[in-house]
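Some structures to go through are shown next.
Below, subunit A partners subunit B and then partners subunit C, in two separate complexes.
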Partner chain A sequence: MKFKKLLSLLAVSALATGLLAGCGGEEKAADSNVIKVGVFLPLTGDNAAGGELELRGIKLANQLHPEVLGKKVELVVADNKSDKAEAASVAARLIEKDKVSAIVGSYGSSLSMAAGNIVKENKVPAVGTSCTNPQVTANNDYYFRACFIDPFQGKVMAEYAHQNGFKKVAIVQEVSNDYSVGLAKFFREEFVKLTGDENSIVDIANYQTGDKDFTAILTNIKAQDPDAVFAPGNFTESALLVKQARQLGIDAQFMGGDTWETQEFIDVGGKDVEGVALSTAFDREKASTEEAKKFLDAYTKEYNGEPSALTAMAYDAYLIAVNGIEKAGTATDTVKIRDAIAATKDLECVTGMTTLDENGDPIKDVVIKTVKDGKFTFKDYVKAQAK
Partner chain B sequence: MEYFDAIANMSALSFAQHMVNGISLGSLYALIAIGYTMVYGILLMINFAHGDIVMMACYFAFFGITAFHIPWYFTFIITIILTAILGVLIERSAYRPLREAPKNSILISAIGASFLLENLANYLFSGRPMRFPDVPLLSQNISIGGIEIQAICLVIPVVTILSLVVLLHIVNHTKTGMAMRAVSKDYEIARVMGINIDNIISITFIIGSALAAIGAIMYGIRYPGITPMMGVMPGLKCFIAAVIGGIGNIKGAVLGGFILGLGEILIVAFFPDLSGYRDAFAFIVLIVILFYKPTGLLGEKTTEKV
Partner chain C sequence: MKKRDMILTIIGIIALFGLAFFVQEEMDSYIRRIVNLCLVYAIIGLSMNLTNGFVGQFSLGQAGFMAIGAYTVGIFTVPVEYRENIFYAMPMNPAIADIELPLWAALILGGALAALFAFAIGTPVLRLRGDYLAVTTLGFSEIIRIWITNAQSITNGALGIKDIPPLNDVRYIFLVTVICFVFITLLVNSSYGRAFKAIREDEIAAEAMGINLFWHKNLAFMVSAFFAGIGGGLYGALLGTVDPKNFLFTLTYNFLLIIVLGGMGSITGSMLGAVIVTAGLEYLRFFDEPLMLFGMDIPLFRPGFRMVIFSVLLMVCVLFWRHGIMGTREFTWQKAIDFVKNPLGFIKRKGAAQ
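After this line comes the complex of A and B, so read on.
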């Protein structure tokens, strides 16, 4: 037994030496005037559409910020194929073979989580683009992200409801959807805290993905006469929900999350969804930072149409990573880079001035949009607050 | 106790609103359930494509109004005709060749037809939801003594009851109806007696699909997000409604539809905590009914023909 243990110890130390040697090798590579940043996205498979939009953002960011520490930043694009098993091995390859200084990505929380342990063990920092599940950065010092986490949106909407003087709010949640339930939970906690009134949430109603008829829960809600209804969830169901609420004569303010921001929501909801409030990360017209203007100019030159929030968030993830490398003053000491990224404060990004909190999640202004004349339009900012 | 409080605290107005919601949902279920029950009555098979016929009818009406700008009343007539043709086409291509085959083969063929329609719609119309156009008068909201409803909610029960009356008349008092009943009893004997079975079955599919189209139009006005998969859940629910009422029995299908629709609404009304389990209600009722009255509420006890 003892002997076996000794042997494994030897093996581990040999491996560690190997790793160190690897680092040494990278020192030389770094001399060659390139700094490698890994791009970790689903470019094929189910999530390819989202991955493609984000790749655009990262490429644009690389065009506009091609250098750091006087060296060129080289993107090493790796396709995690929308597959968890693939994601883990792709992340390992980026670190071990390509020896990247930092990783940007992924779209999709489960893909990011699959790479979580690998970046943690190899001590290479990663900045997620649109992985919104709290688990991605929780208990992982090496994973950061550019997007809001689900609870944050719930909190922000509670703040918004409070600022608008709503006293009684009903919650309608899509009970089979983690996103919806998460937002609803954090909304409730925050709203009760802000109003100091346990009874300020007058009703919590559930529905299932795919439901079409909401008249029963809405009739119950109508009896409570709330000032507002918080109903984060899938866009088709939500549009029908708002529509039926108006038919039942409920004139409360409807509020939701970023999943509402799709053309289908307006198509299905029609004039009934006019005036709803929803939280999102980015508004094209009210771009608040210089960086956003640069981003929009570059985007319109390169691509047709309007940039999606995903593209903007991926752009920001690159900025956060490269800014970390610059602040650390090294491309090889990944631990130092991690510390520098963790210390990100008031970094000018497309989606607002960004500060990372102790979990590695961004604190930034949230855009509140509404629907006006059949279009999503800017309504308000909710200022970021340190927790 | 808590629940009794909830019932006691519910205002008369809320209760009336719940009843109106339930009746309109129930009559919609009833209308679609009739289609299931008719086909079963004649062919002793479950037409699993029925829900998808409803979906296709929604798309017919959608394109008629939005793409071809046909006035809505003409569109609805065209929709009913097209849907009836679709129903007959499905019968001719998927069920007729298997008429002499074991019942299981026809059942599987029905599931195939269902998948075909879903995927065809997905391919032709894309999976993104489209909005069923507003129809003048019917899409309007009206208020009667504090009860707020869409005008269509008043129309749906009337149409359902009318359809039921007309259908019962056809089945019980016409020659075609007599032939249908004869085919349903024993189609070998019916054939021997000189009844053209193929025609009768086609007529059954025409009536069933036309009712599905009427149901689809009202479903579209009431719940205007239409997608290729929209027929699945209503199809399942209405099938259950038909079984609850006693499959093969037209009055039973209507009864089952009302029980299911009202039940789904009232369970949420009285037990708000159960709002997430609404769909489960239909299946629990089904299980209970099958336990105590396997032939359904109005179903007759028949000896199995082999």
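After this line comes the complex of A and C, so read on.
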């Protein structure tokens, strides 16, 4: 009985603290000397790792650019739990309760799409960090993004494959992953167009997220003897795929997208992933802008190790949003802010000069990297052009 | 007595309708969204409670049935002119590309398809009991999801569907919720309902009394799938977008939580559970925000902390109420009147009864 009483006491006190905290929050809301920017990221659940990396970027950006229009920018961090229903509610909360001027996020296209209707209805602009599905910004005037979209990345890789003289390419896609399906589709179209040969794609194979054994797929591919294999997808599965391909004696060039750029990819793949090619948005050595230098300095001071492309992209998303507020000259008229964000042109960002096209997608340069001696290293640079 | 209860119920529903109108007209979109989510989760929770709580069959297929409903709404209500852009990877199957249905028709069609599917899998699967039934239903819900992922020309595969005409109308969803609740209440109180409960208590005895086990189980399973399909359809319309990853089997556990918390075998309990889980989690969100107490930043208050608090509260609930908040009891007007007349005496008597 005593235990039960103790527990109920605990519960009651927890709720009471909440009430106190709730009151405190409301007082803050009345403060008009700050400009609120909502941070809309998955900080718990399946996508928490990606969300955490992006939160770092946004926090760094906030440290380096803490003020706009002479007022302090306050981040309102909201967790969308990697869940779509939750994402929709939390976006509504940021707009209605916290009255944010703009929203930054999210990692994960489906989460951004769930928030899409809400930002559109309430006319509050949102800048996505790494939601690469073209549907996020399509038919939605209030959603923008800092990352390049799946079709663009797919086309760039097709161009790269063509330039390297590959004639026959096999595609392996992770069929349950929207990102992988999108990249594969646009790679195929572009590559067929560039080579002018309908049969240049020799095989399209599917696997599911979580698959471990790819021997069946790879045996088929081996029979076709392609020059290269384009296999965008999750890093663990992709690393295993490359590893098993090498064991089967397939020596084709493997190519992938920016999801490969994680330490786990190298850890799982080991020696076998040496020499693969992957597209990404950011490289330390090729960081050309002033902003990138500031970002890198601040990152090494705050955290250990190399910043991931996700962190850089989130940093840029914050810059785009804050720049929009500054250009609009207001923090309350969200429609004006939206127009200012839409007009973003040659904004100096970490991942290069950023211009948004009519869909709200950035036009920016792509970095091609490879794995050398257990490290991601710069390989090539593809200049931005309107696709 | 019965007449009085009937009148009170009707007055209660009208009052709630009034409340729904008030929420729709006066509240901001955040509150509306939470209320809508509570109602949709209540429908799905109730549908799950029918098989799990009333018939006592441990089924975990709700996410799959929801997926059928949500995708039916997604496929058939998206305006035709948007479809080409959405199905950019693979064009939509010409057989369905030009069919556009109003939301209510798509909801009913989704429910019917889910029920049809439930019949098809229920026929072999409902011969199993307990854990085996749970495992097979879980498996079937995953099969539905994987089929959706791969049927690209119909469902757009992993890319999902967006631009479903948004539904954030409390009155509409409330009306559907009332219909579901009234239907299931009538079903549970009919002779079918008594047969369901007999099956739950003892299958062999029920069979000996002449109850056709297979037919009754299958009926409950189909009705449950029908409402899960409708609930899923509303869920899809509420979010405006669906994709296969929404309907992972973990989604089912959300509803299992709702009915275990509310009470397995209680209709009002399902509603209560849905409100507590949905609105409660939102209410606890201040735990995720940084807290300054006496000029100190309390480090515990960071994103995710509310989940910890919520789990503790759940454990407290389970310790106090072994059978969920309502158990198999229901809200009745008599009890409510007794409580209003003499609150202390009511609690004491209830304590003595336990």
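Everything that follows uses one rule, which is that the second predicted complex is superposed on the first by the 316 of 387 C-alpha atoms of A that agree within 3 Å, B and C clash if a C-alpha of one lies under 4 Å from a C-alpha of the other, contacts with A are read in each partner's own complex, and residues count from 1 in each chain.
Methods note: a contact is a pair of C-beta atoms (placed from the backbone, for glycine too) under 8 Å apart; a residue touches a chain by one contact, two chains touch by 3 or more.
What you see is a predicted model, and the numbers here were worked out from it, not measured in a lab.
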item: Most subunit A residues touched (candidates subunit B, subunit C); value: C
item: Which of subunit B and subunit C A:Q224 touches, first, second, both or neither; value: neither
item: First, second, both or neither for A:A78, with subunit B first and subunit C second; value: second
item: Partner chain in contact with A:V175 - subunit B first, subunit C second, else both or neither; value: both
item: Which of subunit B and subunit C A:G116 touches, first, second, both or neither; value: second
item: Which of subunit B and subunit C A:Q135 touches, first, second, both or neither; value: second
item: First (subunit B), second (subunit C), both or neither touched by A:T355; value: neither
item: Contacts of A:L248 with subunit B and subunit C, given as first, second, both or neither; value: first
item: Partner chain(s) touched by A:N164 [first = subunit B, second = subunit C, both, neither]; value: neither
item: Which of subunit B and subunit C A:T236 touches, first, second, both or neither; value: first
item: Set of subunit A residues, in rising order, touched by both subunit B and subunit C; value: 175-176, 206, 208
item: Subunit A - residues contacting subunit B, complex; value: 175-176, 203, 205-208, 210-213, 215-217, 219-220, 222-223, 236, 239-240, 243, 246-249, 264, 267-268, 270
item: Residues of subunit C touching subunit A in the complex; value: 28-31, 33-34, 37, 82, 85-86, 88-90, 146, 149-150, 152, 157-160, 162-163, 166, 168, 235, 238-241, 243-246, 282-289, 291-292, 301, 303-304, 307, 309, 312-313, 315-316, 319-320
item: Subunit C partner contacts - residues on subunit A that touch it in the complex; value: 4, 7-8, 10-11, 14, 18, 21-22, 24-25, 43-44, 48, 76-79, 84-85, 88-90, 92-93, 95-97, 110, 113-114, 116-118, 121-122, 133-135, 138-139, 175-178, 180-182, 185, 206, 208
item: Interface residues, subunit B side, partner subunit A - complex; value: 10-11, 14, 17-18, 21-22, 25, 128-131, 134, 141, 143, 148-150, 223-225, 227, 229-230, 233-234, 264-269, 272, 275-276, 278-279
